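Here come two complexes built around chain A, the first alongside chain B, the second alongside chain C.
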Partner chain A sequence: MLINHHQHRSTTLALITLCVILTSACGDSTSNKANAIDYTKTYPASNGGTLINAMMGEPSGLIAMIAGESAASAIAGNIFNSLLKYDKNLELSGELAQSWDISDDHKTITFHLKPDLKWADNQPLTSEDVLFTWQKVTDENTRTPYGSDYKLVIKAETPDINTFRVTYAAPYAPALETWASLHILPKHLLKDQDINTTAFARNPIGSHYYKLEKWKNGQYLKLTRNINATQGQAKIDHLMSRIIPDKAAQFLELSADNIDSMGLNPIQYARIFPARPDLNKNIALYKELGNSYTYMGFNLKRKPFDDIRVRQAINYAINKQEIIDGVLLGLGEPVASPYKPGTRWSNPELKPYAYDPAKAKALLKEAGYEDHDGDGILDKDGKPFSFEILTNQNKEREMTGVLIQRRLKEIGIDANIRVLEWASFLGRFIKPKEFDVVVLGWSLSLDPDQYSIWHSSQQAAGQFNFISYSNSQVDKLLEAGRLELDPDKRMKIYHEFSKILLEDSPIVYLSAGYGLTAIHKRVKGISNPAPPAGIGHNTYEWYIPKAYVRTEMSEN
Partner chain B sequence: MKKLLANPLVLLGFIIITSILILALIAPFIAPYDPDAIDVKAILLSPSTHHLMGTDGLGRDVFSRMLYGSRISLMVGFVAVGISTAIGIVLGAIAGFYRGWVDTLIMRIVDVMLSIPTFFLILAVIAFLTPSIWNIMIVIGLTSWMGVTRLVRAEFLSLRNREFVLAAQTLGAKDTRLIFTHLLPNSLTPIIVSSILGIASAVLVESGLSFLGLGVQAPQASWGNILTDGKEYIQFAWWLSLFPGLAILITVLGYNLLGDGLRDAYNPRSSQH
Partner chain C sequence: MLKYLLKRFLWMIPLLIGISLISFFIMHLAPGDITTSEASFNPKASEESRQKLRELYSLDKPIIVQYGLWLKRIATLDFGTSFASHQRPVFWQTKDKDGNITLGMIQEALPITLLINVLSLILIIGIALPLGVISALKQNQLADRGITLFVFIGFAIPGFWLALMLMYWTGVQHAWLPISGLQSIGHENMGWIAQTLDTLKHLVLPVFISGLTGLAGISLFARNGMLEVLHQDYITTARSKGLSENRVIYGHALRNALLPLITIFGLSIPGLIGGSVIAESIFAIPGMGKLFYDAVLMRDFPVIMGILTIGAVLTLIGNLLADVAYAWADPRVRRGVMQ
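Moving on, here comes the complex of A and B:
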C-alpha cells in the first residue's frame, strides 16, 4: 500500500510536468477565433453590451464599510453613491450633494442634496438616509475600521429632506474627503437590520449607475443598469465581474476572449504582451502610476533600528533602481515621500537615498558595527548584525526581499527572509509587533492626512503605526495639517513632514509601481492617457459598439 | 549485487541516483555561477552557452541553482528517511518482539497516524513552525514512519517463531541480543527497499512544500521553489519549469526503479519474471 502511494505520486508528477510542457508549447496557437473582427474602427457611442472583468477575490459583502476588502469596494462603488466624489482631475465635486457650504469657523459643513433622488427600488433618497449612514458608521456595534473619521462629528442633523449638516469640534481638513468615501445606505431597508450580518450585503439596493442582478457564489457578480441612477445613465448595460483567483488563469481567459479587462502584472505587460502580436491586435494596454508604494519598515522598538545611523545606512545600502528594474521590470518610479509622485502633496525637492554602500559602511562603523571577527558579518559587542525580513506571500515583495538581502549581505549584514500567509502575518507578527523589518505597501488616499500611520498616538495593537514611529515634530505637523484648511499652507506642512520623515528614515521607500491594465479594444470611450483620477474614472462613458458586442449564450 | 544490476531498469535507477549524488556533491566545483548572484540586466534569458538552463526572474543562473537545489532535495530525502526509518525500526521491533498490549498500542497509534492525510498534516505543522529546511526534514521524518513500523513488526512476527530464533532463546540469549543479532539483520532487506522508496516520496514532499512556499526559503534554491518561480513565467520562459520538473521526475523515477528492483530481487515469489 505504501509503495502504491509512491508510484501514484510519481505518475501524477510526471503528468504535471507533461502538461506544463504541452501548455507552453501550445500557447501560440489559440488565437484564430477572434481575428476576423477589426476592432480599430470608430463607432458613435451607443448603449448595450456587457463588460466582463476579472477579479482575484470574492467580496464578503457589498456594504463597503463592513466588508473592507478591495473587491467589495470595487463593486460597491458601482452600486452606491457618496455625497461627494473626485472628478477626473481629483478635485472634489458633488455626487449626491449638488453643493455644500462651510461655515466661517470651518467647523460646520452643510450639504445640499440634489432634488428628487431615488433608490433603485423607487423609494426617495433623502437626508434621512445620509444621517442614518452616519449613525451606522459611528455606531459602536458596527464592525467597521472606518469609523474614527466620522466620530469627529459632534453633531449631525437634517434641517430638511434635502439638507444634511455636520458639525466638528475643531476644524478638520480631511472632512470633505471623508464624505467622498462613505457610501450612503438606504434607511428604509436597513433600519431594523443588524448591519454586520444583514442579507442586504448580498442583495444591495443603491442609487448609482448599476444594481446587482445576480451573484453566483465563487463564479461571478453581474450588475445591470439602474434606471433610477442619480448620476445619469451609463452606456454599457451589464458589468460582470468574474472571480478568477490567479493572474495566470485570468490571462488565459483574456487571451481566449472570455473577459474584457484585467489588471496585469509587470511580466505580463512587459514580456508576454510584446511577444504576442495576436493579443496586441485586440487588446489595448494602459499604464498609470498607481496609488500605492512599497517600503521596508523597521521595528523602531527593537535594537539596533532605534539608531538613526543604522536606518540611514540600510537605506543607502539598498539599490532602489535595481528593485524597480528587476521586480517591476522598469514599470515603476522611485519615491521619496509617502505621496504619489507628481501630486501637490509630494515634495519635489526630496530625492531618495542614493545607492552608496561606502557611505552605508561608514555610518554603520560610526554606530559601532564592524567586522571584528573577520567572518564577513558586521558585529557589535560580540553579536553579529543579523535580522529577519518579513513579508507576505506576494511574488513581487518576495523578489524585493531577495534583492535587499543580497545588497545587505554585501555590506556585511545577515538578513533572512520569511514569507507568510497574510492573515498570520497580520495576526501573529504585525499586531503584536513581533518583527524586525517588514516589506509591505501602503495605499494612498487622496487627502494628505497620514495621522493614523505616523502619529505617535497610533501605536496600539491593530493600529497602523505598527513600526512605532514617534517624533514630536512630526506629531505637531500632522496635528496642524488636520486643522489647516488653506491648501497652500497645508501643502507646506506636508512637505515639511515628508522632509523630516525622509531624514529620519523609519522606512526605506522602495518603489511605486504602475497600475497596468489590459482592456479589449471593443470597449470604446476610454481616456488615454489616463487623467489623474485614473483610467477607470469614467467607466459610465465607456461603450461597446453594436458591431462589437459579443454573442452571449444565455444561461437559462 | 551483480544479479541485481543485471536488470537493466535497476541499473538505470542506480546510474541515475549515483550521478545525481555525484553532481550534488561536486556542485560548488562545477556550478558556473554563484547560485544567489542577482543580475537584473540578465533576467529571463533563455538557455545558451553562457547559461545552460537560462536565467530566472532575478537574473540568477538556473543551472547553478539546480545544482545547489539538488543538494537540498537529496539532503531532505536522506535525513527525513533516516528519521522515519529509525522511529519505524524501534517501534516496529518493540511491537513485533513483545506483542501483547504494547503491540496493540503501537499499532493503534500507527492506524491513527495513517488515517491523517500526511501532506496536509505536514502543511498544517509547517504553517505553525518557521519554514526552514531543518523543520521540513524533521516534520517529514516524524510523519512518515508508519510504513516502516508495520514492515518491521511483520518481519519480527514471522521471524520470532523461527527455529534459529527459538534456539538462540533456548540457549539463554537476552532480548537485546535476539533483536540485534538475529531478528534485525534478517529484516534489513524490506527496510532498505522501503527506505529507498521513502526517499523518493520525501523528495516529492519537499518539492511540493517548496512549491507552495512553505519549504526551503529564499534565496536558497530547491527544485520545488525553482519550479514555483517558473510558474509565473510559464508562457514564455519554459526553461524555468521544465528543468526542475524533469529533475524531480528523473530523481523520483531513479529511486523507484532502484527500490522496486531491490524488492523484486529479494522477493522469491516475484523473482521469476
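Moving on, here comes the complex of A and C:
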C-alpha cells in the first residue's frame, strides 16, 4: 500500500507538471543570454565566422543538372560556377568566361575563359571541362530533364584551353541564358564515372567560393571557404545549412539564436515580428520580389472562355489588391506581364486590369450573359454561367480561389473550387485539358523567351501551353525573339508581346509574392533595399565581425 | 515445436509475395511517377526529356513487367537505388570502384527511428503499467479517475502543438534543451561522454512526445487485464489461503494480467520501424516516417517498396515472435500449438 500511495503522488505530480508546462509556455518572458550583446554597431569588414541558415528540404545531390530541386541549386550555387551569371541588376555578365563573341550570322558563340582558373583541388579548369559538361548534359544516358536546350548545339569545340565555341543550327537567343545555368563540372574527376550514380554528387569539387566540408545526411551541410577560388575570396569562413523541415521549428531556432537566417512566411513577417520587439533587436528582415507569380488561366478550348470579352470581364471582376492583402498580407505586388518588374523585359507602360465590376458586367452583357431568370446567376441560352476553379494543394492558392469565387459571385458568376494533390492534378486534369479554370504559378523568368508556354505549337499533352493559347501575332513575336540577339531589339519584341498578352487576357495575373528573409544582425554587408537580383547577389561580401562570432562555436 | 516454427516460416514466403504484389499495384494506381513532381513543372524540362527518364527507370513498361523486374532484384536481396535521391541505395551501403561508400537510406534512418521508438516504448511501459495497476486496484476511486483523465488528455492533445510549446518553453525561454535536430553543431569535437549526453538531450522531447500518446492504450489495457484477473477464482483462492495482499497482487494477479501484453508488444514490432511524420518534421529528425512520406510524395517507387517490404517482414516476424512468446509463457496455449 505504501508503494501505491507513493505512485499516486507521482501521478498527481505529473499532472501538475503538465499544467505548468501548458500555461507557462504561453508566457512571454525570455531569458536569452544573447540579448546582452548590441548588434547594431558597425565594424570594418573582416574574415571568419559561420553563417547558419535553415532549409526545409535536403538536396538529393549536388550535381544540379541531375538533382533539379531548389535545395540542390541553392547549395550547389555556392560550390560550382557557370560560364555566365546574372549580376545584381539581372543582366548577364561573365563568371568563368571573361568575355564572349557572337558571330555575324548569330549562330556561333565563342566564350573566352578567364586565365588561370582552378578547381578547389588546385587542378586547372580549362575549356576541356566545359566541353565535358556539355557532353554530359546532352548524353542520352544522363538522367537529366534539362538537356533539350543544350541539344540545340550542333557543334561544340575547344580551339584552345581558354576558348569554348558552340554552334547552333539557327540563331537561338535564349542560348546565353542556358550557359548561365549550367554548372561546369571537373572532367579530371568525372571522366571515368557514371554521372548518374557517382559519389561525386555527395562529395563534389567545384570552383566557386566554397567547398563542401561535411554532409550529415538529414541534418546539415557544411561548406568551407575555397582558398583556391578564382572568383575572389568570400569573407565568411563557413556556411552551414541545417535541414529543419518545419517552419515553426525554424522560427524557434531563430528566436533562440541557434540559426542566423531563414525564409519567413507572411504571417511570421507581418504579424509575429512586429509584436516581438525582443526579436527585432537582433534580427533584421528583408523583402525582395520573388521569382514567380500566381495566375488564373482559362481553358481556351472551352466555351465561353474562347470569348475575349468574357476573359476580360472576369479580369475586371477580380480585385488583385484584395488578394495581395488577404493572402500575402500585403507582401506582394500586382504584375501585368510575365517578367519581373524593374528588369529590362518588363514593359513599364503596362498596368494590371483595374477592379471594375460595372465594366465586367457590361462586357458580359455584350457577350450575351444576363440574368434572365432572376436567380442571381447570369445565363445565356438558358444555361447558367457556372464553372470550376481547379488548383493544387497549396494554401495560398486555395485562399486566392476563395477570394476570386466571392468577387465572381458578386457579378453573377457561379464558381466552385476544387483542390487536388499535385500528381493527380497534373495527370488527370492538366494533361488531358479537363478543366475550366486553373489557379497556378509560373516563374518570372530571367530570360524573356516563353515560347514553350505561349506558342501555339506547344499544346500537345504534357507541353506547357495547356491553356491552348493561340495568337498568330504572339507566335511571330515569340519566334522573332528567339532569333534576335541584340538586347535592345529583343526588349522591344517582348514589350510588344506582353502588351498583346495582357489585352488578350488568356490568364489573369493575380499576384507576385515577396521573398521574405530574416537574417541575424551579426551578419553585415547585406544590401538593403535589395537590388533586382535579391539580397543574395553578394553573399561573398557579407561578413561577421569578430566581436559577433558565436562563442560556443570552435573555429578551425 | 521446431516443425511448427519451420511451417510458420515457410508460410511467410507466399504471404510476402502477396503483400508486395498488392503494395506494388496500389502504389502504381496513384497517378503520376517520379517525373511528375512539382519541381518538374518547369518549362526548361521538356516532355521528351521526361519520357526519356521514364524509359531509363523502366516506368514505361507494363506494371506486371515492372513487378517482375523488382521481384527478380529482391530475390537477391537487392533493394535497388532511389529515383529521387541521386541513386542512393535504398537499403544498405554500396561501395564503388574507388572505394567511396554511399550509405543506404533505410540504413541511416532506421537506427534513429528504432532508438526513439524503443526509448519511448520503455517510457510507456515504465509509466503505463504502474498507472494501469493502480487504476485497477483503486477502481472508481479518485486515483483511478485522475489517471484515466491524465492518459486521455495525453492521448487527445495534439502532439505537434504540445511539441512546439515544449520546444518554446525548454529551448527558447530557458536554454535547458536543444530545440530540434539530433546533434549539436560541435558534436564531432566532443568526448564520448559529452556526445552521448548531447544526443540524449536532443532525444528528451521527441521521446516524451511520442510516448505520451501511447500511454493511454497500454495503461487502460493493463487496467482492464488486472481487473479481469482480480475477479478470477484463483485470486479468491489465494486470498482465502491467507496470502498477503502484496503476494496476491504481484505474485498471482499481475503475472496473469500481463500475458495479453505480449501480443501487444509483438504487434508493436512493425510500429517500431515506422516513425511519425509530424514529430520528425517538427524536431528535424531524419527518421523513417519522413523518409516514407517524402518517397510517397516524390513517387520514389524503390524507396516505397523497400520500406513496405521490410515493414511486412517485421510484421510477420513480430506475429511469430508474439505467438512463440505466448506459448512459452502460457502452458494452455503451448499445448494447443504442439498439437
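As a working rule, the second predicted complex is superposed on the first by the 511 of 556 C-alpha atoms of A that agree within 3 Å, B and C clash if a C-alpha of one lies under 4 Å from a C-alpha of the other, contacts with A are read in each partner's own complex, and residues count from 1 in each chain.
In the analysis below, contacts are C-beta pairs under 8 Å (C-beta built on N, C-alpha and C of every residue); 3 or more make two chains touch, one makes a residue touch a chain.
What you see is a predicted model, and the numbers here were worked out from it, not measured in a lab.
> Should A:275 be classified as contacting the first partner (chain B), the second (chain C), both, or neither?
Touch partner of A:275: chain B, not chain C.
> For A:42, is the partner it touches chain B (first), chain C (second), both, or none of the two (neither)?
Neither: A:42 stays clear of chain B and chain C.
> Under the stated touch criterion, which partner chain does A:243 make contact with: chain B (first), chain C (second), both, or neither?
second
> May I ask you to decide whether A:422 touches chain B, chain C, both, or neither, giving the answer as first, second, both or neither?
Only chain C is touched by A:422; chain B is not.
> Looking at chain A, does chain C or chain B touch more of its residues?
Per-residue touch count on chain A favours C.
> From the superposed pair, tell me which chain A residues show up as contacts to chain B and also as contacts to chain C.
Shared contact residues on chain A: 1, 7, 14, 21, 24-25, 27, 248, 424.
> Under the definition above, what is the set of chain A residues touching chain C in their complex?
1, 4, 7-8, 11-12, 14-15, 18, 21-22, 24-27, 29-33, 52, 58, 60-61, 63, 66-70, 140-141, 143-149, 196-199, 201-203, 216-220, 240, 242-246, 248-249, 252-253, 255-256, 258, 392, 422-424, 426-428, 443, 445, 450, 452-453, 460-464, 552-554
> What does chain A use to touch chain B in their complex?
1-3, 5-7, 9-10, 13-14, 16-17, 20-21, 23-25, 27, 248, 251, 265, 267, 271-272, 275, 322, 325-326, 329, 393, 395, 398-399, 401-403, 405-406, 416-419, 421, 424
> For the complex, which residues does chain B have touching chain A?
So the residues of chain B in touch with chain A come to 36, 38, 40-41, 43-44, 57-59, 127, 130-131, 147, 194, 197, 200-201, 204, 213, 217-219, 231-236, 238, 241-242, 245-246, 248-249, 252-253, 256, 259-260, 263.
> Taking the complex as given, what residues does chain C use to touch chain A?
Checking each residue of chain C against chain A gives 30-33, 35-50, 52-53, 56, 81, 84-88, 96, 98, 100, 102-103, 108-109, 130-131, 134, 137-138, 143, 146-147, 150, 153, 164-169, 171-175, 178-183, 185-186, 189, 245, 280-286, 290, 299.
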